[in-house]
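Below you'll find the structure, written out as structure tokens, and then a few comments.
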């Protein structure tokens, strides 16, 4: 995907050349105060470099979502430092440096698929012609060409989720933040979307932050797996994947894959008790 | 679990000795008519014997739920024959021959856990004393002893799901139908519940029909895996598990497990395109 | 005791003092009657109540009663405690109105709900159309419950009763010489007000007739007592007012004004007054209130028996 | 707490605006009175003032401004006048006095509550019928909507007369009008509530082979409670309006409606306003009471409010 | 007495036909959906007619439907004038002013959490002011013509509309708002593209409630003073003249106009919120 970038995004990606895309130093975030306060993120140190695919995995409440939201400037850390493309997260947000994909597709039911994808483009002030062109391109990319005129509720869950990814891709952010994007889908559709996401990532060389609950999914997709543990939310372990970048689906039956999955599972188990 | 049975259920289980618990012959079900009709089940032939743990897996819309609902007499087949414990499904329903567990826990928020479990007992007219005794027993069984007085929303998702299983166990049906009971839970909680479900099955010798989207879950739990394919909904393949009945969690890293999982995945892929 | 239900035309006030006095002083009890007085109010049509059997006898104005009779509800006047009419039109003097002819091209407030008939007849007689403003017509407003339209100068004139609304205008701080009034009596278009009416069919029942004889006798005793003791009568009215809205000053003044209207009557309907009322209503311009001379709309049988 | 501060601020703002509004609203009356008292006003006659704009009059006669808040029969009474009247007709009067607003409120309240009980009962019955019978659903529901487009106040006198004619008098006629206004929100809310259990919950009951009665008592009714309370709150306010409306054609003898009417009849604006506020306060109290019952009941049922 | 018995028979027959239709195979078609309430309405009319005749109910208490129909047909021009005065001027005028004012206020209020907290309880309080008290005051302020009726309607519809719109503007989910935030969308962009569309179902709820309120408000306000035209005027005057057939003819007009008005808004809702689950289900 080789679309033209707005000048803002240009400067953002220049900055990325200089250092890591995401850099967290002693990041802390405490919700509330007093008795009922929740230490959602504690002393997080993490670098994510350009072109990496980083998965966050961990039990419910360990702060995966919170970390991603900090990066997106939807949450303000209470301590430490966090930079995105060398800027503060807030600056990065205002320069529209990232696309964010939520767990549920969250398409607007009153807009068609095409109009949903156009939404960020309208807001960012792209011209009509460019809007149409980009919509066509990303619909192609997520294999939804021909469905632009449908309403979200006329599509299956998997197709909706692909549309929501297309929406995040439509403007050229180099960073893609995805919070359990496939959580609501069944395994087979999920496999397929995983495959497509990998291809997309290979083609566009985007940096991706990806939250998931599924060990196979994390292992299959990532170059780096961040295993987190709850109460307080910490990074338990960072596992670098030894798998090649080229990954057919049945790589999942290889011993290497199983070995990494095993390590992730062990990490998860060590990090928490159940419930 | 060795509870006393009502006379109705007694006769039902007598019948079970004679033949398979569930027996489907050329079962067909078409929803609607004309242009918009959906062939949800086509020529299903299947025997499930007493004490088996049968998983149904397949892409969305392949008729897994529909089949389970036919067994439960919540749906009426349009062709072929189906018997449950040697009776028609409707008779089986009226003799309360099975417990049904839905995807979401579906506990009533205005009843405590104990009262939720009592619900079927009240409806079936058990005595107060017996109700209390059974509630205590099944709470123990699903490791929720002590939580009877809590309201559902005071419990975690996993605990809620266990309570809903307890509810289906409270009256002594020999057949348990479960439609994606763990679909909404995260992987680690799910692992744990899978383990417990297996133990429970081993102890009570119930027959279980289980719908899932997860290949590892199906392989880990089942003695028999029914792979289905959609449009029209058919049985693509029935895979008998060679795993022993005793299954620790890390059986999932054994080559035998992986081999079966691979076969299931292949079956799924062969059976359908995506979406 | 025999039960009698009396439906009033309006809320509890000195306008109906005679009945409350008769009740309070035990005049009804002396006649072995158990009388229930049902106050009226806006949107309560006494004719409709009596038609529905909710009351045995009702206080009503004759135009409304005759109109109802023509509509097929045979009401009969059995007594007429009010001799003269208290209706008038009250206008701001500074609008330049000084005689009826000046009313043309003005905005006038009128009571409806069956009380519009005298006004319509009067306008008919004057040859003034009520269809809208113009050299030959007036704009008519359906006046609400109070005298605000005049005070707020939304209307040049409004309908008032000598005993009630007129004094409310005065109480609002307006001086009498700021106003011009036209009494219907003076304009020769007076119609009979506040008579007692019953259903014709009931008069065939001797027992009912007997009851009514006693009722009229006691009521008139009440009226005459009220005329002689206006302050006491007003106090009795105040005691019976459940809304607690009436004031002593206003009711005492009202009682004195009402006494002026009732003093001329011993309770029997004066046939001449009746003829004049019918005459007025029949000649009411293009759209008269009644179209033919009514038959049997009154009887002396009861008042004669009661009062002699 | 935050809410209290916010509400107080808004109320303060409204009261401020209200005081301001009194100036143009009442200036003409004040000037008329001043003229009658022989003072020099500009323009000099009521006739001329009638055409003048209120703000212009204020500018020309600034000496009279402070009188607009103490007019006897104001077009718009000042807030403190209403408060004083409320105080004097509630706290300062014996409850049994006919001049006590509490006495009148209690008269209205009894009709309101009776009507509310009838309306709610009827509404629930209708809703149960509608949910259980397709015929009821298809034939009654559209007419229930139409019934609300009929101006009940127009019908009220006739209803009262018809009831009179069959010998029903006293509280009941008013209550019936109150019931007419309150049944509709209850029907709508209750139908929604009884239909709120999803397919899964109904199917669960089927797998238990539960009878229709059991489904109703154990599933539909409990699920409908939150909906019921929402509509009860609307219903009781409607019921109060109905009771007040019903008081007009029943001879307007007592009750807040009678107070409103009498106030209007005698041009006692302050009395109208205080009766009006008494009615709104009564409504607020009733709604708050229902809210309390809801919290306790649903809390005991375990449903988070 | 036979007529009363006949009325009972008609009732049973009507119910039986409807039961057949509603539980029959075509129950879900549009035609049956319309037919069943119509049959129900006709049954009621017939029963009414038969009872009134059978029991000799006086005309001045309750006229028979046929009489009302005759009166209706004979008085079309008066009914039309009244309709124009009360509905077209009073009700519609007040409805448009009240609803749009409430809508704009809601958008302003929504910007400030503080205002919303403060205004809504006060709004609910004001909405509880009974119309019989406000109407005379507004007639005093705004005169006898339709302006005061419109003012009554404004007062009646303002708060239901405000409360609904404010609730609707909060309807957009946290996630949808966050999405707008990640786009660094401006206030107006997120209002126009997210919160207003999401609020539409609530807005329409308010609009629908307001239709009946507007009608009833305009008619009732005329009881407290009016020119000599208008539905409320005609109703109260006709009661006084015992012309009950005219009263009912006006009520028929009110019911027709109300149902039409409601139906219009409901149709508009269907067209604009077709995407909402409540509309899709139907």
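For reference, chains read A, B, C, D and E in written order, and residue numbers begin at 1 within each chain.
Convention: a contact is a pair of C-beta atoms (placed from the backbone, for glycine too) under 8 Å apart; a residue touches a chain by one contact, two chains touch by 3 or more.
The shown structure was predicted, so the numbers you read here are calculated from the model rather than taken from an experiment.
Trainee: Give the chains in contact with both subunit C and subunit D, ordered by label.
Mentor: E
Trainee: Degrees of rotation, nearest 5, to put the Cα trace of subunit A on subunit B?
Mentor: Roughly 175 degrees of rotation.
Trainee: C-E versus B-D: which interface comes out with more C-beta contact pairs?
Mentor: Between C-E and B-D, the larger count of C-beta pairs in contact belongs to C-E.
Trainee: Averaging only over C-alpha atoms, locate the centres of subunit D and subunit E and give their separation in whole Å.
Mentor: Here subunit D and subunit E have centroids separated by 18 Å.
Trainee: Averaging only over C-alpha atoms, locate the centres of subunit A and subunit B and give their separation in whole Å.
Mentor: 35
Trainee: For subunit A versus subunit C, what separation do you get between their C-alpha means, in angstrom?
Mentor: Here the centre of subunit C sits 85 Å away from the centre of subunit A.
Trainee: Which whole number of Å gives the spacing of the CA centres of subunit A and subunit D?
Mentor: For subunit A versus subunit D, the centre distance works out to 54 Å.
Trainee: Among all residues of subunit E, which ones touch two or more of the remaining chains?
Mentor: In subunit E, residues 61, 136, 140, 223-224, 236, 239 touch at least two other chains, as defined above.
Trainee: At least two partner chains per residue is the criterion; list those residues in subunit B.
Mentor: none
Trainee: In subunit D, what residues contact two or more other chains?
Mentor: Touching at least two other chains: 75, 157-158, 161-162, 165, 248, 261, 264.
Trainee: Check the chains against each other and report every pair that touches.
Mentor: Every pair of chains meeting the touch criterion: A-B, A-E, B-D, C-D, C-E, D-E.
Trainee: Give every residue of subunit C touching subunit D within the complex, in rising order.
Mentor: 8, 11-12, 38-45, 48-49, 51-55, 92, 94-95, 144-148, 151-153, 168, 172-175, 241-247, 250
Trainee: Mind pulling up the subunit D residues that touch subunit C in the complex?
Mentor: 29, 32-33, 36, 45-47, 50, 72-73, 75, 97-100, 103-104, 156-158, 160-162, 164-165, 169, 248-254, 258-259, 261-268, 271
Trainee: Would you tell me which residues of subunit E are touching subunit C in their complex?
Mentor: 58-61, 136, 139-140, 143-144, 222-228, 233, 236-237, 239-243
Trainee: Mind pulling up the subunit E residues that touch subunit A in the complex?
Mentor: Against subunit A, subunit E makes touches at 173, 175-176, 178-186, 189, 193-194, 197-198, 200, 273, 275-277, 280.
Trainee: What part of subunit D is in contact with subunit E in the complex they form?
Mentor: 2-3, 5-11, 14, 25, 75, 134-135, 137-143, 145-146, 148-155, 157-158, 161-162, 165, 237, 240-241, 244-245, 248, 256-257, 260-261, 264, 269, 272-273, 275-277, 279-280, 283-284, 287
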